[in-house]
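First, the structure itself, so that you have it in front of you.
For clarity, chains are labelled A, B, C and D in written order, and residue numbers in each chain start from 1.
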């Protein structure tokens, strides 16, 4: 952190800030020169630039390094590889998570599990709880779906990824799923993040609709600092003024995240696309940009789906997508 | 809802959609003309346009009315007036909620309570839990602050408004505060909203950083449909590309909300301002635009505040703000 | 400008930047301390932080002051008052510019001129050129409207404000209008800005749909540095994700601009509103926030308007708006 | 266009709209049913939904088809292939436009021309005019650069692509360049677009910082309807709240544009990246998403560049990028 004073700042103003910093337990160093400044030695992550700029005489406070600790590249330069049974996430082989938006019926679910397994997916979406904008929309089958999840897993061997909406569901689903997903609306639900930090299973953390990359990383920091280092970050489109797509896939977030953190980065092409004809291009872009995996919605009869009908792929479309993704993965030195 | 078919849509395609709608329990009406369309009689709030547009032959599905029920102006054309002790929210008299961003110490809190009471505030902020972007930032004093809350209330008689971050806190704070606040990050934390619907106290629901007005209203619908009709909506600035202010105060949301809903609308000028020199203009704009109240951050020594240092007003500044707001309130037919 | 080096930057890297700055004609000053930095004495407005951050060893370059010169508050702390005939813009009395979106016919135009004059407007909109998103939309009556402009001015004495879309129109309209408007789409049409800098008439410069406040000020700097200091800045709503209003009126821009510049600030409530029922609230908010004037669309029969039909006020509505605005203006120490 | 009336709309209100539409020259067809509506037969592109929604009794006006004519896929389903000398744009082979952000000196320019030619580029950037946010920034070498352009072209045979900022420059550069570029700030400079419609050379039209896909297509419609059908559309990143990249590359725009129009789509990875380490990922994503070409900034010594220093690639980096792009192009059935 560097705090730069206005040219006309008085000695007393500088002194005042200096002493306050000492009181707060920091080690300020005065830097004289054309414009007087104070540098802070050591960790200043708890200080906010806004707080410093509220002092009289301060022109600008500049954070030189983000407040990332456990998520930062420096913490683990070699990159994290998460193990989920036999699946390794973050290595050369790309992760493919697939399945329906919502678990609806046993038949719908188990048939989808078989189809995505056959096409090459390694993890199965297990959406039994659905966060919905309107209280009158379908809210998921809930625990009623547990036997169907079991059947799908028994038949295919695919580990299950379930979104949890609240702390209570973590315990409820503990024995029924293999990894958790935090949806976009809950990226800053800190209560939930802390509980997942103690949840003992890998977490797929989705970026909020208007979450910055920095906020996404600090949300991951909540999980990691609570004890769980198996976190995947998911770019799923952000909210912008453009309405031609459901959300704007921020493809640049992929290399930015790979630069800032050691955590694996997953791209969700289904939600930004909003309709199935756009999913393929976005999926290929995600792989080409360097994503470590994708999460894709697949349904036996999308038009009958209880949620996200327009963006789910049919079995055939998913199989074709997998075939198209293979050469793109190879082109960037990965495998699918 | 009207579903318009493409000019070249086949009869079979139209028939297919018609039957599906009937199966789902709706009452479709075929409308022939230049372009065939299907209108849906009665409540179609559970249908998504996206689902309908996924059918072959459909050109566009148009929702003619939003899925609002309890929040809608039609439900209560005369407007809601919430009673909080002697305070009436939504009537001629404007509501002024004030107090520090965070409860820090007994002295800081009680002195602020006295000052804002004296200046004319009717409700006291009681921020004991703080949602913070970084896990390493100050997270609020928590239950440790209960005695200070009591003392402040005993001395001033002001009812207390506390943000709750999770379901558990509702029960914990039940006997200590008078109304709840849902922060911007939690606008779509449905678990929390439902619990507040049964919480028995008025709720101030803040708009999310990238929440649409429609989503804000549907979030309120979650609370109301769970049993609690005492909801205030709060415009507190949205996230845009502009960084000259902390957030962009969407002043147009005030008349839009007054058009769509009977619920009181509160403006928070402190968070969009981000620095105290901008709070006054935004507060006056909020009142002039028709807000039913304001929520403002006040601190005995803002530069020492543990959070939001730059945007909190001093006691003197708050007193001056109240003086400046009075004639603006009168100019638009309100009282302060 | 301060350039901060990484803790591990080598002496050679620092030396390299230092010399490059000297070559470029700046006066760098080395500041040693916890983290080495270089401050630049004197004017560094031509340097971009991005350029500096491209050097090896540089951690961050921070501009301490924006590159504003002529537009800056420092340049003219007392505030600019523009004289347009008898009208004074930027003083205690608020400016009211009103008139139809487009000049359509003689009768439509002259009747509107009379009505807005009667209601208290001081300047008349004179939209003869219309920038339109589609080439197939009505593009304005063009020079054909000159006689109608003359008649309206002769009858009412109101000075005329016309949007110009290109350099050629400045000369063409020279003898027919009294001030120019730069529309939102042209905020960064530098060719046009420079020409208006030599145009000899006051300019109302509208903020672009996604223009930052900084870019707006630098656009004004283009006009001023070309010789014309009579510039008004106009906040007219920015493009965000919210679609409930046509644009999001950035009300916070009013106090920010008043802080940064001496130029008068005008608010356009018509375009962000998008429909007439919202214009009043936004207009009042603009005045309460401290705007020096408003620009409002008025039409004899809005539903027949050739452009912006939904947001234009009728004569009666405009008269009522003026009546409602008066007490708000007084409440903030202004006159209307 | 379909105009749906409110359930309580009176017959007189419906009749009124019907007659007005006839007066305006449209062919309205009344559609009775659950909710009365009026469909408009034939071309209704000149009508705005906003205008219709301003009538009493109208609940919603819905455009069923966008107002695209010449740019629409229907107009030319087979896709446009633009010929620029030997270069074919829009076919199987991808277009690579490369070169410095600004033409600076003869040596800088000619050496870059040689390097990008050698690496496989087919068109050379020829930035002699530079639109700059501040009037005090470097504004391009202007016509002084013509001899350098000639030399570069003579040596390499590469056709030249130059941004034009105003109508006058089209004539000035006519004999010196081979295709024109419209920069993001000028996407809606209709005067310029119309002039380019008569300019006789292919045009690369960049999307505005906050331009919607629809506005981009209508801007192209301006050029095409003025006589020039050789238009390429360029996605170059949009302005959002995220600041980790300079702009947010809207990768989803590529498939959306390919769906809506027959015009070739070019991706600019340099401007959204903002720094060279991110250019590669974005370039690969662009190709994988289906772009017909890329435009990339290359400079002999980026750190000495007079503009966009941080995002330009060195010669070696560009050569490496070309090598990395080849397999990605092949993976999606294209050549580079």
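Assume contacts are C-beta pairs under 8 Å (C-beta built on N, C-alpha and C of every residue); 3 or more make two chains touch, one makes a residue touch a chain.
Computed from a prediction, not measured in an experiment: that's the story for all the values here.
By the document's definition of touch, common neighbours of chain C and chain D comprise A, B.
A comparison of the B-C and A-C interfaces places the larger number of contacting C-beta pairs at B-C.
Separation between the centroids of chain B and chain C, computed from CA atoms only, is 31 Å. Centre-to-centre separation of chain A and chain B, using mean CA positions: 26 Å. Chain centres here are Cα means. That of chain A falls 39 Å from that of chain C. Among all residues of chain D, those that touch two or more other chains are 210, 214, 239-241, 243. Those residues of chain D that touch chain C in the complex are listed here as 20, 45-46, 48, 50-51, 53-55, 67, 69, 131-138, 165-168, 185-186, 188-191, 208-210, 214-215, 218, 221-222, 225-226, 239, 274-275, 302-305, 307-311. Chain contact summary for the complex, chain A toward chain D: residues 210, 212-214, 238, 240-245, 248-256, 259, 272-273, 277-278, 280-282, 284-290, 324, 327-328, 330-332. Residue ranges of chain A in contact with chain C, taken from their complex: 2, 4, 29-35, 37, 39-41, 59-60, 62, 64, 210, 239-241, 243.
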